[in-house]
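Some notes on the structure that comes next.
When the chains are written out, they are named A, B, C, D, E, F, G and H in that same order, and each has its own residue count from 1.
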Amino acid sequence: MRIGDRDFGSRLILGTGGFPRLETLAAAVRESGTEMVTVALRRIDPGARGSLVDVLEDCGVAVLPNTAGCYTARDAVLTARLAREAFATDWVKLEVIGDERTLLPDAPELLVAAEELVADGFTVLPYTTDDPVLARRLEDAGCAAVMPLGSPIGSGHGINNPYNLRLIVEQASVPVILDAGVGTASDAALAMELGCDAVLCASAISRAQDPVAMARAIRLAVAAGLLARGAGRIARRTYAQASTPEEGTPEFVHPSDPARPLA
Amino acid sequence: MRIGDRDFGSRLILGTGGFPRLETLAAAVRESGTEMVTVALRRIDPGARGSLVDVLEDCGVAVLPNTAGCYTARDAVLTARLAREAFATDWVKLEVIGDERTLLPDAPELLVAAEELVADGFTVLPYTTDDPVLARRLEDAGCAAVMPLGSPIGSGHGINNPYNLRLIVEQASVPVILDAGVGTASDAALAMELGCDAVLCASAISRAQDPVAMARAIRLAVAAGLLARGAGRIARRTYAQASTPEEGTPEFVHPSDPARPLA
Amino acid sequence: MRIGDRDFGSRLILGTGGFPRLETLAAAVRESGTEMVTVALRRIDPGARGSLVDVLEDCGVAVLPNTAGCYTARDAVLTARLAREAFATDWVKLEVIGDERTLLPDAPELLVAAEELVADGFTVLPYTTDDPVLARRLEDAGCAAVMPLGSPIGSGHGINNPYNLRLIVEQASVPVILDAGVGTASDAALAMELGCDAVLCASAISRAQDPVAMARAIRLAVAAGLLARGAGRIARRTYAQASTPEEGTPEFVHPSDPARPLA
Amino acid sequence: MRIGDRDFGSRLILGTGGFPRLETLAAAVRESGTEMVTVALRRIDPGARGSLVDVLEDCGVAVLPNTAGCYTARDAVLTARLAREAFATDWVKLEVIGDERTLLPDAPELLVAAEELVADGFTVLPYTTDDPVLARRLEDAGCAAVMPLGSPIGSGHGINNPYNLRLIVEQASVPVILDAGVGTASDAALAMELGCDAVLCASAISRAQDPVAMARAIRLAVAAGLLARGAGRIARRTYAQASTPEEGTPEFVHPSDPARPLA
Amino acid sequence: MTIVLNGEPRALQDGTTVADLLRALEVGERGVAVAVDAEVVPRGAWESFVVGDGAHVEVVHAVQGG
Amino acid sequence: MTIVLNGEPRALQDGTTVADLLRALEVGERGVAVAVDAEVVPRGAWESFVVGDGAHVEVVHAVQGG
Amino acid sequence: MTIVLNGEPRALQDGTTVADLLRALEVGERGVAVAVDAEVVPRGAWESFVVGDGAHVEVVHAVQGG
Amino acid sequence: MTIVLNGEPRALQDGTTVADLLRALEVGERGVAVAVDAEVVPRGAWESFVVGDGAHVEVVHAVQGG
């Protein structure tokens, strides 16, 4: 998978939010096989010196800063520019939120922010709704990928509207990354089967009872879904199709049975 | 997973029906990592000397004969006994079909056949409906596992009634193996997440455009689903849960902005 | 709809269980427009003289005794015979339960009881699973209708497996009555659209906050579903089909616009 | 239901597109009980003098002009103004389409057009996606109602994402009208149960095999869904809840039975 | 003698018929049915059917049920 | 002079008003609206509004639509 | 004499055993099973079991099956 | 003079640069970014950029985020 000017072997992007400890995060990163993880920007906390950047550097993964918490294009753009300073990267996971309770994106603000950041030379990966028209407009605006949600962040509802996701995939000429909603492995496999190029996953892994095991589970599921899509699944049929041939089925005739005509 | 007196490392049982060529079957068996495959009994065909048994022996997998094509307990029992002679195994995948179009099991006949075969010393793995009561009665009759369908054989509809499957798993004290209906990887992952101990899969693999790739896909999916179940997935929530902390979000104040009270 | 030797105008059968008061039951019966309601047999309670039979007689509805609480064919058959004495009717809603927690039917016992009661001259309406093969065997045994469940009694989950319900309807030559699972109006409409001849409904109405209003709601929904099925719904399409013609769409050309070629 | 300055008794708005003949349209309008129907504006066709307006006047229903076929805010606004001239109404069903194949709305353009038309004194009913944030922004912009889609126009897929529809209903303080996607009666009932105030329906009725019968079916379904919502449906339960009391169940003891302890 | 009536032991005089029993219970005949030792006693036999010692008698009537 | 009427070129006499045009088209006034060069011409201005050379005129009316 | 072999009539010499029959069919023993008149003939009895006139014989082997 | 640092008022000496401020905060330079009055201060300008009276300064760094 190629995003912007980078090739990725792994189809799983990991969100670093929600991990109880940095050690767990590091183990999950390694188990997931991911090559890129998201981070956020927050006010420095003189108390706790965070070694997050060091940990991720040790893991050898790229950092994708997000603009989580921004409710306007202005704040999101400024946050992206701060991230560029902080991490010396012009990649950004663009979030412009429209509702505190559902953390769903604000479509018009998102598009404005995307246009500004693209013009400013950023490689923009927008967290968007599952609206196919918005996805295409984001692509037309020059985004390097589109990242539609399956369901709200952290909800674990999986993919609420596979139909829309299919439409997005059909029309997109940039990578489509399912972002938000994955709750467990089968959700991730389904996303890939529907045609997504990758899955971005935070809470499903970081908040699982065993984050490291779930990191591995979702890694396998993403690989399984990608393979299955390539393998060409069987068509759905209304009725059954025997997996054992009928021809040659023996007929057991007991002398006491009523006579049957020979075949 | 332990079935009867045997331990299995692999959670995938492969049906051999539908593969276009024996070479493909052999490659798929190896790629799937399975330890047991199903076979059927049919009248000998003097024309084509089938080397199926040899191929499977080379693969080093156990053979699980089925009673496909039987519509009565009597025929199924007799077929099982023939299989015992042919393959020197007392294991049987018991099928008693009740309808030609859907190949759905005939519950009462199935139970009668299971009781007879258990009494005759067989290790009985019945292909059954997703009826939890029937599943328990089969277990009470001494079956070594229960193999409920997700949807009709070869239909590729996946799991039509996850609720019933959950009930079966909740109550079962023998392994529950999803048999029939799997269409692609995510179906297999879901089955394991719902609590199945294994998945039996024929058409989804043998009739895929690339059976060998699909064998690998479903192997990974089964592993992913099993891991995910063990990892303890996040609960489904009605609304979102932020994966980025709100605390510490910067506030960007421009001199031109209306004054805000300090935090 | 004709069941046995009786024609019904109403496609809704009401279960009398769960109503807080007899007055509410009577009002709901009238609002529902039903022509037949179920009742159960229990040990007489010298304390409370129940006027249930009188109430139902006033409503002018037929009584359909059930065998609720029976776990064996023997008990169900005996209960049906007691009901015949008590209500001077040879109609019976046959229930043979196989599990206390889910109250799901016991397929083999149900079939045995049905055969006995048919032989004894009863008009048998069996509460059954959504297993199409079992449904056909019950019909072959001489049942006057088949009453598959949508989901467990009182669960309000609606129709868990529309696919199976469709198969049952396709093959049945006796009325198919959805019994158990309805939670609200749309469930009842869907059942009729899937091809059911009628809906049997107790808890959804009797335990609603406003049973009388819900009785009317489900009455309307059953009528709506039946009408819709007859009206021939539009096919599902992958993409959109405009409901407004594209032809004749005006083109607004402002002098400042770039010149367009004439149509 | 009150929209803008008007009260409506009927909860069904009928789209006039797709009816084969004006007589059928008139009959369906009457059978549906609707009080308002949509119409479109197209170039006059000197050949066929359309008596559509007369027919609708005879039916005594209000006319709601749409802006179907517009792909920009500018065209939609101009079309709305033409409609105001043509029909002497400042009500408009605002459509700004973003994709020819799916006819899905273009969120940013839709919002711009809505703001302009509200400022121009229109009563704006926007056809929108099922995005809750966009729905709220349209309401904040002064729209008199929001009309989210269930699935694409004419697709008959019903409600693809009930979760989003629920969110829209929860937060809205203007009427929510399900627009587009309804295929049959149960879809309309479900929309009302989810909390919609009304349903707008064109193809499901106009393109049904029997449009007049379907008009009645959907009218009943809308009424059923509204009633059911008000009646307070039973909660969904994981297991069963008996609709017949267990207490007082007779125990049939035959002398040949093993002795049981008395209760 | 003693019978088991609806699960409870009950003393009874010899020769008591089902009809006697119902009268003693003050149970109207409508919507009622009787089983003795897992056999139905038809309405027409109530007057003549004598309940034996140790008999298991079930007297049932209509209740609300789904 | 020539205008574009509903996408088609049409010859017109100088000084033709919107009202003249509608009469020529034999279009009743009910349910009709007119735009000239992407601006609505209000009903009240039809008699006075003179269509200029090269004008793009759209005359629309109600059709069935969803 | 004549038997029915896998649904087809077949002439057979008197005294033919199951083993003779399999040899005649050139069927290897591996993965093969035989039923005569709806009863399984155990492998160990093939040499001794004589097929009677009119017998219904089924000779089966492994095929691919789900 | 007084500025607002990460939402809190803070007294500062005249002429304090962004770099001075970061040293005072004992914040390493890695993974840190600074905005003054809603404008990013590029890393290269930290030594020269003097924080003015009443300025709103945001100093941020990386945290775990989805």
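Rule of thumb we're sticking to: contacts are C-beta pairs under 8 Å (C-beta built on N, C-alpha and C of every residue); 3 or more make two chains touch, one makes a residue touch a chain.
Here the structure is a predicted model, which is why all the values come from computation and not from measurement.
Common partners of chain B and chain H, by the touch rule above, are A. Hopping across touching chains, the smallest step count from chain B to chain E is 2. Put simply, the chain farthest from chain B by mean CA position is F.
For chain A, the chain whose average C-alpha position is most distant is E.
The pair A-H is the one among A-H, C-F or B-H whose contacts match those of D-F for more than half of the residue pairs. Taking C-D and A-H together, the pair of chains sharing more C-beta contacts is C-D.
Centre-to-centre spacing of chain A and chain C amounts to 42 Å, using the average Cα coordinate of each chain. Computed from the mean C-alpha positions, the centre of chain D lies at a distance of 60 Å from the centre of chain E. Rounded to whole angstrom, the centroid-to-centroid distance between chain E and chain G, based on C-alpha atoms, equals 65 Å.
Separating the CA-averaged centres of chain B and chain G is a span of 35 Å. Residue numbers of chain E whose C-beta contacts span two or more other chains: 6-7, 35, 38-39, 58, 60, 63-66. Shown for chain B are the residues in touch with two or more other chains, namely 15, 17-18, 40-43, 66, 68, 78, 82, 102, 104, 153-154, 157, 202-203, 206, 242-245, 248, 250, 252. Chain pairs recorded as touching, per the definition above, are A-B, A-D, A-G, A-H, B-C, B-G, B-H, C-D, C-E, C-F, D-E, D-F. Within the complex formed with chain H, the residues of chain A that make contact are 15-19, 25, 38-44, 46, 49-50, 52-53, 63, 65-66, 68, 78, 81-83, 85-87, 153-154, 180, 202-203, 206.
Partner chain A is touched in their complex by these residues of chain D: 98-99, 102, 104-108, 111, 129-134, 136-137, 151, 157, 160-161, 163-164, 167.
Taken in their complex, chain E has these residues touching chain C: 6-7, 25-28, 30-35, 38-40, 42-43, 58-66.
On the side of chain A, the complex with chain B involves touching residues 15, 17-18, 40-43, 45, 66, 68-69, 74-75, 78-79, 82, 101-104, 152-157, 183-186, 188-190, 193, 202-204, 206-211, 213-214, 216-221, 223-225, 227-228, 230-250, 252. Every residue of chain C that touches chain F in the complex is listed here, in rising order: 242-245, 248, 250-255, 257, 262-263.
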